[in-house]
Amino acid sequence: MTIDSAALDHDLALRLRVEDFYAEYSHTIDDDRLEDWPGLFTENGTYRVTTRENFDSGLPLALIYCDGRGMMEDRISALRTANIYEPHVYCHLTSALRVLGASGGEIRARANFTVLRTMPEGDTTIFACGRYFDRLIEEDGRLKLRERLAVLDSRQVDTLLVVPI
Amino acid sequence: MAMATASTRAAGFTWPNNDLSRAPYRVYTDPDLYALERERIFQGPTWNFLALECELPNPGDYKATYVGDAPVIVARARDGSISAMVNRCAHKGALVCYKRRGNVREFICVYHNWTYDLAGNLTGVAFKRGVAGKGGLAADFQPERHGLEKLRVETCRGLIFGTFSDDTPPFVAYIGAELAANIDRVFPKPLKVLGYHSQILPNNWKLYAENNKDSYHASLLHVFHNTFGVVRPNMGGGVKISNSGWHHLSYTQRVSLGDDEVAREKVRSLQEQYRLKDPRMMEHRLELGDNITNAIQTVFPSLVVQQILNALAVRQIQPKGVDRTELVWTVLGFEDDDEAMKELRLKVNNLVGPAGLISMEDGCVGGWVQRAAKANPDATTVMPMGGRNVEASEGSRITEAAVRGFWKGWRECMGF
Amino acid sequence: MAMATASTRAAGFTWPNNDLSRAPYRVYTDPDLYALERERIFQGPTWNFLALECELPNPGDYKATYVGDAPVIVARARDGSISAMVNRCAHKGALVCYKRRGNVREFICVYHNWTYDLAGNLTGVAFKRGVAGKGGLAADFQPERHGLEKLRVETCRGLIFGTFSDDTPPFVAYIGAELAANIDRVFPKPLKVLGYHSQILPNNWKLYAENNKDSYHASLLHVFHNTFGVVRPNMGGGVKISNSGWHHLSYTQRVSLGDDEVAREKVRSLQEQYRLKDPRMMEHRLELGDNITNAIQTVFPSLVVQQILNALAVRQIQPKGVDRTELVWTVLGFEDDDEAMKELRLKVNNLVGPAGLISMEDGCVGGWVQRAAKANPDATTVMPMGGRNVEASEGSRITEAAVRGFWKGWRECMGF
Amino acid sequence: MAMATASTRAAGFTWPNNDLSRAPYRVYTDPDLYALERERIFQGPTWNFLALECELPNPGDYKATYVGDAPVIVARARDGSISAMVNRCAHKGALVCYKRRGNVREFICVYHNWTYDLAGNLTGVAFKRGVAGKGGLAADFQPERHGLEKLRVETCRGLIFGTFSDDTPPFVAYIGAELAANIDRVFPKPLKVLGYHSQILPNNWKLYAENNKDSYHASLLHVFHNTFGVVRPNMGGGVKISNSGWHHLSYTQRVSLGDDEVAREKVRSLQEQYRLKDPRMMEHRLELGDNITNAIQTVFPSLVVQQILNALAVRQIQPKGVDRTELVWTVLGFEDDDEAMKELRLKVNNLVGPAGLISMEDGCVGGWVQRAAKANPDATTVMPMGGRNVEASEGSRITEAAVRGFWKGWRECMGF
Amino acid sequence: MTIDSAALDHDLALRLRVEDFYAEYSHTIDDDRLEDWPGLFTENGTYRVTTRENFDSGLPLALIYCDGRGMMEDRISALRTANIYEPHVYCHLTSALRVLGASGGEIRARANFTVLRTMPEGDTTIFACGRYFDRLIEEDGRLKLRERLAVLDSRQVDTLLVVPI
Amino acid sequence: MTIDSAALDHDLALRLRVEDFYAEYSHTIDDDRLEDWPGLFTENGTYRVTTRENFDSGLPLALIYCDGRGMMEDRISALRTANIYEPHVYCHLTSALRVLGASGGEIRARANFTVLRTMPEGDTTIFACGRYFDRLIEEDGRLKLRERLAVLDSRQVDTLLVVPI
C-alpha cells in the first residue's frame, strides 16, 4: 500500500491529537478534576446530553444543556456546593473514534462511549453508553470543543445525573 | 383461588393505632403489599395518567404505557375517540404491542395473528375454521367475550386518564374543583411535547409519591432551589388538599413575608449564598396570568403536574417492583411557543429532570429511605409537621398534611 | 418440616373449572408453584434428558447438567455403565463437579476431600480416624448411607435420561411406542455433536415448553419459516399425542393441500413474498427415508427432539427461576457424515438456534407473555383451537391439543 | 402486626431430630429465615463488631457500617466516648450518614434538616414552629422520644462492639475468658489500619461463618496453605470452644507430630510438592511471644479475628440477602511497626484477602454449596467429624465441633 | 528510541486504516445502517459468530455462519422484513487491536470487542464480549473483510441474536 | 495545523509501541497465556492491584503485591497447581491511553481499563474497572513494565481475584 507521507503525517497528527484530547477529557472527569472540565470547551461552546428516544424523534429536550462555559461552570459549582447525592466515580471508555473531517479550522469527530459508575458501597454498573458527536477547533495550540452532543442509547437515567458524561 | 396469595398473606396487616402520622416501614419493603397495591390501588377506584392527547394526534396512533406495573395500550380510534386496554392478548397473553409507539389499522398479535380493532375488540382469529376442515376454533368459542381487557377513559385539558374500576367517580369529581382549576391554569391551551426523561428510582413508588406531597422538604433538601429564590419558605403560597385528602397542590408566589422565622433556623440550605455565572436558566416569563413561580400538583396515586417557572411537565410514577420505580417525565410547551420561548424552556429544564439542578436530590433520597427501611420493618416513620390531620394550609408549606392525605388514600383503597 | 413452605403456601391452588383449555397466569409468575415444580415434576415421575452417550465415550467421562434447577452429574463408569447423581456432596453440600465436563478416576470434593466412585458411592473420608488418635468420624457414621443422591438412568438411541422417582415407567412406555418411533427415525445411527448453543429465555420454563407443543403458532409467528416453504399450513403432516397427553410430535410432509383456507386468511406472514440471494442454507438432503421436512417432538417436561430439514438437535429446558429459563441446544450430525453433509448441516443451522432465521422469535415471545402475565395473575389464557380436549390431529397442525396435553401432564404431576 | 410476616411464615420450622450434626439446606435458602435472623440474631442477644477505635481517633469522627443488614453509625462524641445508632432518621427514615466516613459537629439529615448530637439524640427540627406562625410541629411531639435507635457499645483491645439487646452479657463474659485471652494476645498494643478489602461471597452468610469454624477444611481445601507448612494436620495446635459453644479459636503451633495418619490419607493437597521462587511472602517474625503461626477466632455471629504469620486482620460478615454476603477485611499492623515490618506485612498479605493465595478458595466454595443447596431444601448436611457434640479438641483440628457450636448458637437465638 | 521513518510510516498508515475500518464497522451497525454491513466484506467473505465453548472444543457449529455476501444480505433482509423481535440498539466497544501481520496483500488482525445492548424499556446489558479474528484485504482502495470470526466469551445468548456482532 | 515531522514521528512511534504493548498485555491474559505474563515486566518490576478506597486514603495495602518477577511467577504457578476456583475468562478493554512523558529512558503512561469476567455457566459481569498507572522501559528492543499499579474503582471483589488484572 503506497501512501502520501505528508498527508499521512497530517492525518496521523490530527488523529493523535484528537485521541489525546478524548483521553484527557475522560481523565479530567474520572479523576474528579471537574473544575477543569469547562476549560475543555470554547467560551461559547455547547454541551448537551440527550437520549436516543428524544434525538431520533427530533425532540429538542436535553438532560443537560449548557450554552456556553458559564453554564458549565455553574453546574460544577452547584454539584460542589449545593446538590446532594451519593458520591460516586466514573470510568469512561471511548472507542470507535472517527475524525470525520476538518474544514475551516473545524474538526468534526465522533466516538462511542461508555460510562461505568461505581458507588461507595462498591457496585459498578453501566451508567450510560452511546455516541459523542463533536465539533472541535484549535485555540492557542490546544484543541477545544465547540460542540459536544452526547446521545445516550438508553431512555433511562439511574437515580440521577450530576457528573458530566 | 384459595392458595395463599398476596391478599391472604397480607390480610393480617393492620395500620398502627389508626394514626395517619405514622407509617410502618413494611409498606415500602413487603412484596405481598406490593402485589395487593396492583389490585386495590392501580386497578382499584383511581384515575391513572396514560398519555397526552397531543401524543395521539391521528386515528390509529397508539402508545404503550403502564398502570401500576400492568402494561396498557392507549389508542385513538377511527372516530377520534380514545380507548385504553391491557396490553395482553386474550389468547395466550403475549404483549399485543411490543413497540412503544406506532400507528396501526388494527392490533395484530404476532404470536398467532389474532386481531383486535382499535378499541380492543377481537376481530379475527387465524385459521378459525382450521385447514381442510380440520382443527380450528372450538364450537363454543364466543369472540365477543375475548377482547382485550378494557379501561374506562376520561380526558382533561389534553391529559388522558384511565381506570379499571366502575366505581371511580368522574375525573373532576375525583380530584375536586379546586384542584381541577390548577390543571386549567397550567394547561390553558394546546400542548406540545418537548421531550421525555425516564428516571429509575431505587425505591418503592410510594416514597416518590410522598416526596411530591412533602412540601416540607422542598426548601430544606433542594438547596440550589431556595438559594436562588425559586421557592423560599418566606415567599407566599400554600398547600391545597382535596376533600378526600388523596390529592394536593403546593404552590409558591412572589410575595414576601417576614424573614424572622427563617433567620431563627440555622437551615443548612441557606448557609452559603451562591450566584450563577449565567442566570439565563432562571429566567421566568409570567405566562399563566398570575405570579405563581412554582406549582406541584398530585393526582393520587401516580401523577404529578409540574410548573416550575416556565418548565411544564407531567410525571408518571411506574412501579417496577417493591424497591424500584420508573419516573417518566413528559416535558411540555405550548403549540404556539415562539422560538425564544422554546429556547427559554429548554434552558429552564436544566433545573428539573434526572439531572435537574433543583430536583436531582429526589432521585437519591428515596433510595436512602429504602435502604434504611429494612433495618426494621415494624418501626414507623413520623409525620408530625402541621399536626396529625389532613388539612390545607394557607401561606405555609411547612406541613406534612398532604403526605398524611396520601396515607389516607392508601388505607382507603387497601382496606387497612 | 411444618413451616409454611412452598407446598403449604401453594396448597390451596386449584385449577379453574377443571378446564384444560384455560391456564391461570399465576402458573408463570408464582415462586411457590415454581418451588413445587422442582419437587413434583422434575424430581417426580418424569424422565429428564441428561446427555448423549457420544458425549461420554470413555470410562470416567462426566458431564455436569441440571434436572429442573438441581445440579446433576452424569458419568460413565469403568464397566461402561452410565450413572447419574445429584451434584451435591453428601458432607456439607458443595458441588462435587465445579467444571462442566471432564474425565476422572473418582469424584473428589475439594472442600474436605471426601471421595466417591463413578456411581456416586462414598469411598473415602479424609482423616476419618482423625490425627494422632484425636478427632475423626463419629463412631456411628455409616459410609454406605452417605453416597451422592442417585437418579435412575435409561438410554434410548444414544439419549440418556434420568428420573428421581421409582414410579416412573420405563422410557418407551413413558412416551409410548408411536412417539418412540420418531426417536428411532431421527437418530437411526451413531451421533456426533457439532456444537452447542445456550439461549437465555426471559420467561418461565413452561412458556417455552408450551411453545414447542403449539403447532398453531409455527406458520403464523415464524414468517421466514413458511415464506420459504419449510412449514406451511397447506402442507401435509399432523400432530401425534401420546395416550398420556404429556408428549407430542408435530411433523410436516411435502404434500400439497388446497390453498383456499390459507388464501382466505390475511395472514401477516404471507403478505410479503421474499426470495433468498443464497438459498444454500435451505437445501435439504432427504436422509431419513421419508419426505418429512420438519419434526418437532417433545418429551415431557424438558426435552425437545428436532429435525428441521437436515438440522438435527436436542433441546434441553433448564429452569433458572420463575421468570428465567436456559435452553441448551445440542446440535447433531451423524458420525458417518461426509464433509459435504457436515458443511450442509452447518449452513442449515443458520435457520435454528438463538440466531435462527426460523426460530429466533421463540426467544422473545415467551418474555412478552411473562411481562403481560403479571398484570393479573388470576386471569387465564384460552386455548380453544381444535376443541377443548387432547386428541391427535391428522393432516392439520391448527390445533392446541398438544398444549392442552402439556397442562394435563402438569396437573397430574402437581396434584392440582 | 398480625400479617403473615417472616416470623409467622417461618414459625413452623423445626430442627430435624434436635441433632446439631445435621443442618437442613433450607437454612441457606429461605428468605423468611433470613428476615428472622435479622431480628433474632443480629438484633438479638449478640455482640457485633462495628469498627476499630483507631478508625475514630477524634471527636466527631464517624463510620457507617452494618449490623446484619441494618445500617448503623458508630461515632466518637466530644467526651471521647463511642456511640452507635441505627443509620435511619427518626423522621421519615433517610440514611442520616450517606457517606461511609467523616467528621461532623452533629448529624444532619439532609432530607428535612433534623439534627442529632453525636450520641443520636434529636437536637433540632427544622421550622418546628412553622413559618409566620403557620405549620410546624404537632403540639404533642416529644423530641426526647425521637432520637436515633441506639445500640449498646463495648470495646475490647481497640475493637468496638454493639448490641441491640439489653440481655446480652458483658463482652468478655459473652465470649469467655479463654477466648478473650486470644484477643489480648493478637492485639497487645495500639493498632494501625493498613487497608481494607471487601469481598462479595455468592452465598448465605452462614456458609462463611461455618467455614471459619470449620478447622477440618483448612488443610484439605487450601493447598497452597499446607504445601508451605503454614498449617499442616501434623503440626501442633487445636480448637478451643467457649462454654456456650457459640465462639471458637483454632490455632497452629510449630510442633511436629507423627506423620503417619497423614501418610495414610491420599490427600490431594499433598500430592504435588511445590516451591516458591520468592519466599519473602512466607517470612514470619514471631512478634506475639509464642510460636503460634496461625490463629483463627470467631465471635458469634459476625466477626473473625485473624493471625496468619504476621498478617493480622478482623473480618466482618455483612449479610446482603439470603444468598449474598459482603466480607469486610480490616487489615492491621501495630502503630510502632518499623518500615521493614510494614513491608513484611504487605507482602504476607498476598496470602490472605480476596486474592489471598491461602484464602481465596473460601470465596468460591460457599457459592458452590449455595447452588447445590436448592436442589432439595429439606435434605441436610452432615457434620460427623469429632463426634456429634460441641467439645474442644487439643492437638487436632480434624473436628467439626466448632461448626456444631455455631448451630447451637443459631438455634438458641432463633428459638428453633 | 530511534525508528526507521519509512517503515514507521507504513506501519502507522496500516494501523490507522485498520483502526478506521473497525470504527466504521462499529458505526455501521450501531447507527442501524445494516444494509451497508455486507459491503464491509469481500464478495466471498465469510462471517462467523461462535462461542468459546465450541471454539475451544474444536466444534464447528456457529451461531451465525455466512459464507459470502449473499448470505449476509439475506440475514439483513430477513431481519428487516421477516423476523420478529423487540427493537434494540448496540454500542460496540473494541479494544486491544493488533495488526498481526500483512503478507500477500492480506492483513491479519485481532481485537477484543464488547457489545452493549439497549432495549426499548431502557435496560442496557453486556450482550456479548469476546475476540475478533480477522483477515482483511484492500479492494479498490478500501479495506474489506475476507474473514471475520467473532468468538464470544460466553456460552449464552440472551433472548436472541439478530443484529450482527 | 503545522507539525514538526520528526517530533511527530517520535511521538507516534512511541504511542504506537505503547498501544501495542497494552494490547499484547490484554491478549496474554485473555488468551490464558498466563505463563507469559511475568515476562511483560522487568526482572525487578512491581505489580500492585489496589482499590480507590485504599489508594485515596493513602493506605498501603494491596490486593496483590508482586515485588519482582519471582512473585509473579509464584502467583501463576499457584493458580495452575494449588488454588481452587471456578474456571473463568477475562475480556480486557483499555481506553483513554495517555503517554504522560518519557525521560531517562522511562516512559510514564496511564489508561482506563475494564475487565469483563465470564463464568462457565455463561454469566458475564463487570469484574473490575479503574486506572492503570505505569512506568515502562525498553529492554532489548521490547517495552517492559517497570511498574504497573492498577487502581480499582470499586471497593469490592466479587468472589475472588486469581487471574491478574
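Letters A, B, C, D, E and F name the chains as they come in the text, with residue numbers starting at 1 for each one.
As a convention for this text, contacts are C-beta pairs under 8 Å (C-beta built on N, C-alpha and C of every residue); 3 or more make two chains touch, one makes a residue touch a chain.
A quick note: this is a predicted structure, and the numbers were derived from the prediction, not measured.
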item	value
Path length in the contact graph (chain D to chain E, fewest steps)	2
Chain labels contacting chain C and also chain F	D, E
Interface sides of chain A and chain F: same vs different residues, half threshold	different
Which listed pair, A-D, D-F or C-F, duplicates the contacts of C-E in over half of its pairs	D-F
Far-end chain from chain B, centres as C-alpha averages	F
Mean-CA-position distance for chain D and chain B (Å)	43
Inter-chain centre distance, chain A versus chain E - centres from mean C-alpha coordinates, in Å	26
Length of the line joining the C-alpha centres of chain B and chain F, rounded to whole Å	49
Touching two or more other chains - residues of chain A	9, 12, 84, 86, 93, 95, 120, 122, 126, 155-156
Where chain D touches two or more other chains, by residue	4, 9, 98, 110, 198, 200, 221, 326, 361, 364-365, 368
Pairwise chain contacts under the document criterion	A-B, A-D, A-E, A-F, B-C, B-D, B-E, C-D, C-E, C-F, D-F, E-F
Chain B - residues contacting chain A, complex	193-202, 221, 223-224, 227, 272, 274, 276-278, 280-281, 326, 331, 342, 346-347, 349-350, 353-355, 357, 360-361, 363-365, 367-368
Complex contact set, residues of chain E against chain B	84, 86-87, 120, 122
Touching residues on chain F, where the partner in the complex is chain A	1, 3, 5, 8, 11-12, 15, 52, 93, 95-98, 110, 112, 114, 126, 129-131, 153-156
Residues of chain E that touch chain A when the two form their complex	9-10, 12-14, 16-17, 20, 22-24, 26-27, 30, 89, 91-95, 116, 118, 120-126, 138
Interface residues, chain C side, partner chain B - complex	4, 8-14, 16, 21, 24-26, 30, 32, 210, 216-217, 220-221, 233-234, 257-258, 261-262, 265-269, 361, 364-365, 368-369, 371-379, 381-388, 393-399
